[in-house]
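In the two complexes below, chain A is the common chain; its partner is chain B in one and chain C in the other.
Coming up: the complex of A and B.
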């Protein structure tokens, strides 16, 4: 008997989770800005996935532009023209979307993991541990962010992975603050006290009661870190501290700037990556704000 | 009384909350409490809000650090070592005032009730234990409730779930902190009945913390009256109701028993701040005996303002801390 009730119990738990998920989906669908963000994001996702269909990877190589005209205007052969050494701009744009998205997402994972751990620990512990963590958090909040990122990028190297780590390490401080605040209110709840009275360890309280309570906040916050991570990557690349080997949107902009495409009015070189950066930042921000509204009851109805 | 078979012995328990500001005074929320609870006994701890009754309950459960004194549970002094604490936690459980707040809104009834079992690694036939506990707490058939979430239950049902969550660990002591004050009048009686039944069936001691003397009188075997961090009177329910000795108990009782023709005594003023406990009897500013001049007539007025009365017991084990009763009762320290 207990086995069958055990499985129905599990099935019912999953049914509950599905209803909760479908509730989020329903609310998101009716939240216009959030839904537009989601559509825009899906568009960028498809764009990145379709890279091999649009252009061959070899067209990114310096040698590939040898036989093409330099800074040629858009044509049937090159839908977005060519850059200063004759490479296809569209090929770089579509392959670059992969790099930008990868760095944006991976940097966010790094930032969210550090931010959550520090936020949980600072909110849950009292006294010295919390004070030290908050001091570290304050340091990362106030330290001029770009110089720190540049120094780290130079020291650690410039592959997409290390760049993500650099960006993640410099952008977790805000979310740690946010998570700590939520943890502080959660750990004063009567049900946490009840769990303690039952004999629960701190680990049990954090994993079973505090973490599920802050999870929605973490998800919404993560969605808002992605755009800033993508912007940071573009900034670093534009300033010449990016990965020289992988074609990101920021690196395209740097190429456009240094080749004088703006004075030469070669709009097909600088406009597409610029618009892409604006578009993806907008998409993640709209989605993130909307998720925040859905998950945070205090923001409902505003 | 003072049964040899005492389960819980509090000896001179103090709890002081540190001052808010540097140089401020600490709040002596519990200021020297002696209390014994026997196995299977229901004791009510009565007092107005701010008298330290909840703090005392939390200290008994180890949820609040004592600043002095000691607590023995089942003959073993209370230890702060983690392992011992966990074993102790199994044997003493708490039910809070607000069942809505004490249930995690994200957990189902099953998860809530099974939580204690999982914490203590008692996973054998978890399902039967959980359903058993729910049914004993009046939620049957239990299967109908297992997958519900707290917001789908009524206040009374929530409190039953909280009690079931404590009962799965088969505690020897259940502390119920204002267990019915947030519930509808219609379900209060049911929850109190449930606590009484569980206490009898499981031979479990219950400490009911409440501000309501009428409630205490309905459920408790013994009543302890607390004022400003100190127990001022303890006795069996019958004795305390028939012959309240402390002027504070008399005043509380006069309000409850008004309809029985007892003249109502309304206390003047508010309980002093626990950061500034004056000398003498801590009740003297509000004591009707002082205000009517009766204490002065008896010649104890100066003692009331300078000397702290201790709990003294009469032959029946009825304890009271009041200078005015001393001449009438044999003095035993």
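Coming up: the complex of A and C.
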């Protein structure tokens, strides 16, 4: 094959991907829930990016609240009031968006990588390997998710990075199952059989033919793992994991709960982080379900 | 239901439970090399006390020796002593079990009934006003951490109106007689139950709705309509039973999430069950307690899944007759 035909092939592939991408964009724009999700998500993204403009990082330190009133109601100086040690709640909220998003996205990457590898392997292999992988998958599907995450986090550590890994390790089982099913149907397709008949290695078939086929499913599924990862993170933080000095939204809720802000009617402390969690989870869920509909024609009209 | 199906499911449940038991050992004895390091009072222990603790926790000898000791103690339901209260873990758990069973039981029942009802109605009349409102509402419910519901209920209902107590299992130190005490306990149970129910209603309704929509296109519904059955008959006799099938197993899996929800809900309402015990064990690094709670939660979910398999077997004539 000469170099020029190689480049034309590549150009054709890219042109095809561009059309596919613009088709997805067009459908997404006309899918109202999905588009609302995307807008909400952009809003949260901007919020997280603007953190340094809204508040200095140093206002997260314990010492920063020393000269401020404790649990003060919103004012011009503190738009969302202060917490039980006088720290600015808005500063913690805006910096917390980064922690929540980071853990949610990082955990999703871990889950998607494990889920895809297990799903592809379980779908492509036959016999014992596939059976063992399925048994492991079953185990992680059945074992209750939060207790498992708790014991893992207690043993492995409580930092944001270990929390992300723990959440990732506990949330891949469902996607592995989905990906396996898709791989099984793809492997029966004529073009995969043709590639195999032409002598392609398993690696080539998986990477070049099966993976592109399951990629849309993986993307839609990943978009749906993010919200559950964010919810799990907030739950774990609420139960005492996580870092008090760079609090996520869940950690803020824990602070609000343990400081008695509820009985003291300090709504500015517990409402904003809770509403933010609902908003971001809703945004990812709407977008993920919409992508699912776009990529999987069988789901149309839901 | 055929005997073979039953035996297959019993063996499956047993194997999963064994896997959990082995995993528990692996996590707390191999990944965590020195479980005693998490014991807070360790610096005050004399050498003899330390050795007694190591012996009591079964941390002596090779990993294989430890494993046999561990398996034997699990079979005897002996989970050691809590780091925190120094009482046997089993006693701590059985004392708190009824409170949690009641909370989780009542709210699971409510969630299943209400969730399936909403899901069925929304799916059957897809695109209707009921569907649009209920789907938006269930999406929001689904996106809310259940403990935040709890906090809102505490702040806006218990706090503002005083209609409900803000926490605990019963009024401390009060005695209203047998019936009065029962009512008092129910009164304390209302908000935690509502919290847990709202927290998981969303996913059950969404599962049932999807499953209903999938049956809508099936031929047997066309047949049923062609026979001249009324709409409500087509729904209740043909669509719902078929839509229930996939929901049964998904609901069983979601039960694991309800158990997780009980942990945070009990924390918000200081409801003294196993969930609050879990939260306390986390903050005290109480490993023996956490191990036992993890085993118990897993066993509960495995049992629930097993029951779901049996229900599935009863509902689905294909499983009932063949296999």
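The rule is short, and it goes like this: the second predicted complex is superposed on the first by the 285 of 302 C-alpha atoms of A that agree within 3 Å, B and C clash if a C-alpha of one lies under 4 Å from a C-alpha of the other, contacts with A are read in each partner's own complex, and residues count from 1 in each chain.
By definition in this document, a residue touches a chain if its C-beta (ideal position, glycine included) is under 8 Å from a C-beta of that chain, and two chains touch if they have at least 3 such contacts.
Every value quoted in this text rests on a predicted model; they were computed, and no experiment measured them.
With both structures placed on the common chain, the touch criterion links A:79 to neither chain B nor chain C.
In the superposed model, A:13 lies in contact with chain B only, and not with chain C. Of the two partner chains placed around the shared chain by superposition, neither chain B nor chain C is touched by A:40.
Contact comparison for chain A: of chain B and chain C, C touches the greater number of residues. Of the two partner chains placed around the shared chain by superposition, chain B is the only one that A:189 touches, whereas chain C remains out of contact. In the superposition on chain A, A:278 contacts chain C only, with no contact to chain B. Once chain A of one complex is fitted onto chain A of the other, the partner contacts of A:150 are limited to chain C, with no touch recorded for chain B. Under the contact criterion defined above, no residue of chain A touches both chain B in one complex and chain C in the other. For chain A in complex with chain C, the touching residues are 138-139, 141-148, 150-152, 154-156, 227, 231, 234-235, 238-241, 250, 253, 256-257, 262-263, 265, 267, 270, 274, 277-278, 281-282, 285-286, 301-302. Residue ranges on chain A touching chain B, taken from their complex, read 2, 5-6, 9, 12-13, 16, 189-191, 193-201, 204, 208-209, 212-213. Taken in their complex, chain B has these residues touching chain A: 61, 63, 85-86, 89-90, 93-94, 96, 98, 101-104, 106, 108, 110, 115-116, 119-120, 125, 127-128, 143, 146-147, 149, 162, 165-166, 169.
Within the complex formed with chain A, the chain C residues making contact are 16, 19-20, 23-24, 27-28, 31-32, 38, 126, 139-140, 142-145, 147-148, 151-152, 154-155, 159, 166, 210, 213, 253, 256-257, 259-260, 263-264, 267-268, 278-279, 282-283, 285, 287, 290-291, 293-294, 297-298, 300-302, 305.
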